[in-house]
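Both complexes shown next keep chain A, but they swap its partner, so chain B is in the first and chain C is in the second.
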Partner chain A sequence: MNQSWVAFLPLFVKAAGITIWLSWLALMIGAFGGTLIALMRTSRFLPLRLVALLYTEFFRSIPILIVLFFAYFGVPLVLGIDLPPFAAATCALALHASSTMSEVVRAGIESVGKGQWEAAHASGMRYPAIMRYVVGPQAIRVILPPSVGVYVATLKESSLASIIGYIELTKTGLLVRESTGGGFAPLLVLAVIYFLINYAISLGGAALERRFDVGQKFLTVGAGQ
Partner chain B sequence: MTGPILEIDTLVKRFGSRTILDGLTMSVHPGEVVCFVGPSGTGKSTLLRCVNGLEDIQGGEIRFEGEKVEARSKRIVAVRKRIGMIFQQFNLYPHLTALENVVLAPVVVHGEARKEVEARARVLFEKVRLSHRIDAYPAQMSGGEQQRVAIARSLAANPHLLMFDEPTSALDPETVGDVLAVMRDLALEGRTMLVVTHEIRFAADVGTRMVFMDQGRIVEDRPPRDMLADPSTERAKRFLSSIQG
Partner chain C sequence: MQYTFALRTIYPYLGTLWQAALVTLYLSLLGIAISLVIGAGVAVMRRSRSMPVRFLGAAYVEVMRNTPLLVILYIVYFALPQTGLRLSSFTAALIGLSLNSAGYMAEILRAGLIAIPHGQREAAASQGMSGLQAFRYIVFPQVIRIVYAPLGNQFIAVILASSLASVIAVEDVASWMQTIGSTSFRFFETFVVAAGVYLVLCQSVNLGRIAIGRALFKHLRSAR
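Let's look at the complex of A and B:
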């Protein structure tokens, strides 16, 4: 019985992959949803702004675990459809990520000065073109750094999925710990793996930022207020 | 005999309870260079912004080439396509090179082929004397250079009317002359221009009309030399003598 955790290392690696995939999927859905919410939030139509505000405040204010329980236990009760643990976890994480991302994207859009909108409007551009060619490319520089943080946060939060029995990284660690006699080592391995993944993401994010930073050309005063 | 390109009839613009433009009426014919002067806060810039619908209006009517200007209408885009605007703060797109700044609207708004627009843009850069800065980003350029790119940008869509909103007010004194020289060339080409400016000498040399505004109204509207030589109102006389030093 008292097997070494080393034998389970391939299992850890596989589980790490699952965790990365789960949180990446949640982040992508969250970024897409968050962008929609942010566009509503910055719209000139009051009802859209209100709906977006409500959505953001709602999902920011309740624990992800509660959302997870709602998705896993509540949805079958209300809608009569069973969500598998993976789907429930993805939903809960994506809902939460979208509320965070909506604020990140909103800050990015609002960082672009009024003069940019006016110049674009004056040239005859409409909203979609302005977003795509003028405001979006400038906003992305502001959006990118905190987005990396949101990914890291989502990845850590994905460990909550272990509670509804989804076998991701944390759950794998706990199972290994049980079958190896409850030692301390598997927990340490978990911590190290989470650290390595998130540190890699941070490094990757920094590289991405450098790529999107068109030199210093961008920030200097006088260029675009 | 051509009709006016721009007709403004008893225009009223308010911000909240403050009246900025107070029943202003004027028309502009093709080829005219109208220079707006007067104390700040008298609605000169706001007037330009009403003409291309950047501001909505509370009363009266604006017609550009016979078409009613309505800020909130979808058809405002058709008006804006034919009016070029130059801002005090340049408002170049900082993430695009000078060339890309000029090319963007003709390609995106007018649906022109990029190649053709680029060729035309190069000619425009010659005209504003910036051929050597074509690949620079706005933040790498001086204010005067940026403003000349902004002029090239507004010309790229072949506008029928050019509006300059204090184009040299944000510039270092030594770069003002370059921008004014380009504007002078445009006037000599016979372009129709509305210019809000404090450069009285430029207005006198280049303008065909000088409009003195105060408190949202037109106080005087005459050929610049006449007005400068002999302002017919006390208000204009005081302002012009103060600004000429």
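Let's look at the complex of A and C:
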């Protein structure tokens, strides 16, 4: 029996919520990890800088899909820990987001002039205090607008979770497609929902950029995967 | 059970890896070339005098940049055959990848084009240059400098995105990792090898871009 996909619309809405939550979680973990990497990258110690550079370049040069495969199929074999699809997807997305975020945060830290550091040192401040009270508040204006771009990228990448069987938006679309007789409409609905979510977020990001007016173009984060 | 890392366990599969790496390479190179052409077309559309053409160009960019590649691939792979068009999975992947990447290429090229003030073209015309000459000697050298770095990053993005072709049954490196991993239960080794292939491909683009950029723009740095 061919049901219409319209009957499944509430399911799509619920699945969209799951997708938003999954990518938000991955972005938050990625932002935390990325900030640590960025602090290492701007450190005075060469080994720390080197490790951070290798980390960023490594995750920028391998597809999320193979990280996802490794997290889902490889980790249980190697470490003996069974990762559920949700955890595997969150890990893979967060690892990739952390490498992108580290570059964004680094650009933010480096946008603050050297004189600020010197002035803060001269008034007897230590590294944590300088970061917290001098550099951080100025860097955040540069960091926030491109972070919105990273969120959009992560949201699109979260569609990969469907490949390891996690039922988020894309998987829901595919399942609905199967149960309604393999039509074209569910895939189109899928594309429209993703578009609406991401376009709304992008508009928010553009507004944020105008408000902060740092004169920096929206960071392009490459073709979505 | 202790897992011991042993690369030699996957030696027998290295022949198929070579095939898979070639598929990834072809798919990426063709995807880059085709999306550059489409992207250039869309960038020109966005500079058109006609409002509907401009809108169409902008709509294309927004749709492609805000929809996951995976969904686009599914649409091309599952939906186009229903209109009677039969596509191999490689062709379907190439179409999806190129359409998606073209959205980004268009934005990069447009950023290059709008950076050149119109006065420069007028100045060139006043010197008796034809439109083509002005493009070749005045506009192009400046545009290339602006789009150079972002284009390099986009090339890398296409290589990485090509891995999604494995989902619609293209036998590329990601598919090799998945197939060999599940037949040999050697997911750690296949991951390391597959990551190595992508790392070499992406870093050769990255380092090549930096080296060529140094040679190309040497005169600019010495001028400063």
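Definition applied: the second predicted complex is superposed on the first by the 205 of 225 C-alpha atoms of A that agree within 3 Å, B and C clash if a C-alpha of one lies under 4 Å from a C-alpha of the other, contacts with A are read in each partner's own complex, and residues count from 1 in each chain.
Throughout what follows, contacts are C-beta pairs under 8 Å (C-beta built on N, C-alpha and C of every residue); 3 or more make two chains touch, one makes a residue touch a chain.
These figures come from a predicted structure and were not determined experimentally.
Trainee: Once the structures are superposed on A, label A:A122 by its partner contacts, choosing first (chain B), second (chain C), both or neither.
Mentor: After superposition on chain A, A:A122 lies in contact with chain B alone.
Trainee: Kindly classify A:T170 by the partners it touches after superposition: chain B alone (first), chain C alone (second), both, or neither?
Mentor: A:T170: touches chain C, not chain B.
Trainee: Pick one for A:E157: touches chain B only (first), chain C only (second), both, or neither.
Mentor: The answer is second: A:E157 touches chain C but not chain B.
Trainee: Just to be sure I read the superposition right, which of the two partners does A:N198 touch: chain B = first, chain C = second, or both, or neither?
Mentor: Only chain C; A:N198 stays clear of chain B.
Trainee: Report for A:F69: first if it touches chain B alone, second if chain C alone, otherwise both or neither.
Mentor: second
Trainee: Looking at the overlay, what does A:L188 touch: chain B (first), chain C (second), both, or neither?
Mentor: second
Trainee: Of chain B and chain C, which one touches more of chain A's residues?
Mentor: Between chain B and chain C, C touches the greater number of residues in chain A.
Trainee: Contacts for A:L46 in the overlay, against chain B (first) and chain C (second): which applies, first, second, both or neither?
Mentor: neither
Trainee: Take the contacts of chain A with chain B and those with chain C, and give the residues found in both.
Mentor: Dual-contact residues (chain A): 217, 220, 222-225.
Trainee: Which chain B residues qualify as touching chain A in the complex?
Mentor: Residue positions touching the partner: 52, 54, 77-78, 80-81, 83, 85, 87, 89-95, 104-105, 108-110, 137-140, 143, 146, 150, 153-154, 157.
Trainee: What does chain A use to touch chain C in their complex?
Mentor: Its residues touching chain C are 57-58, 60-66, 69-70, 73-74, 77-80, 152, 156-157, 159-160, 162-163, 170, 173-174, 177, 182, 184, 187-188, 190-191, 194-195, 198-199, 202, 217, 220, 222-225.
Trainee: Flag every residue of chain A that touches chain B in the complex, lowest number first.
Mentor: 113, 115-116, 118-126, 129, 133-134, 137-138, 214-220, 222-225
Trainee: Any idea which chain C residues touch chain A in the complex?
Mentor: It comes out as residues 1, 3, 62-63, 65-72, 74-75, 78-79, 82, 100-101, 104, 107-108, 111, 150, 153-154, 156-158, 160-161, 163-164, 166-167, 173-174, 177-178, 181-182, 185, 187-188, 191, 194-195, 198-199, 202-203, 206.
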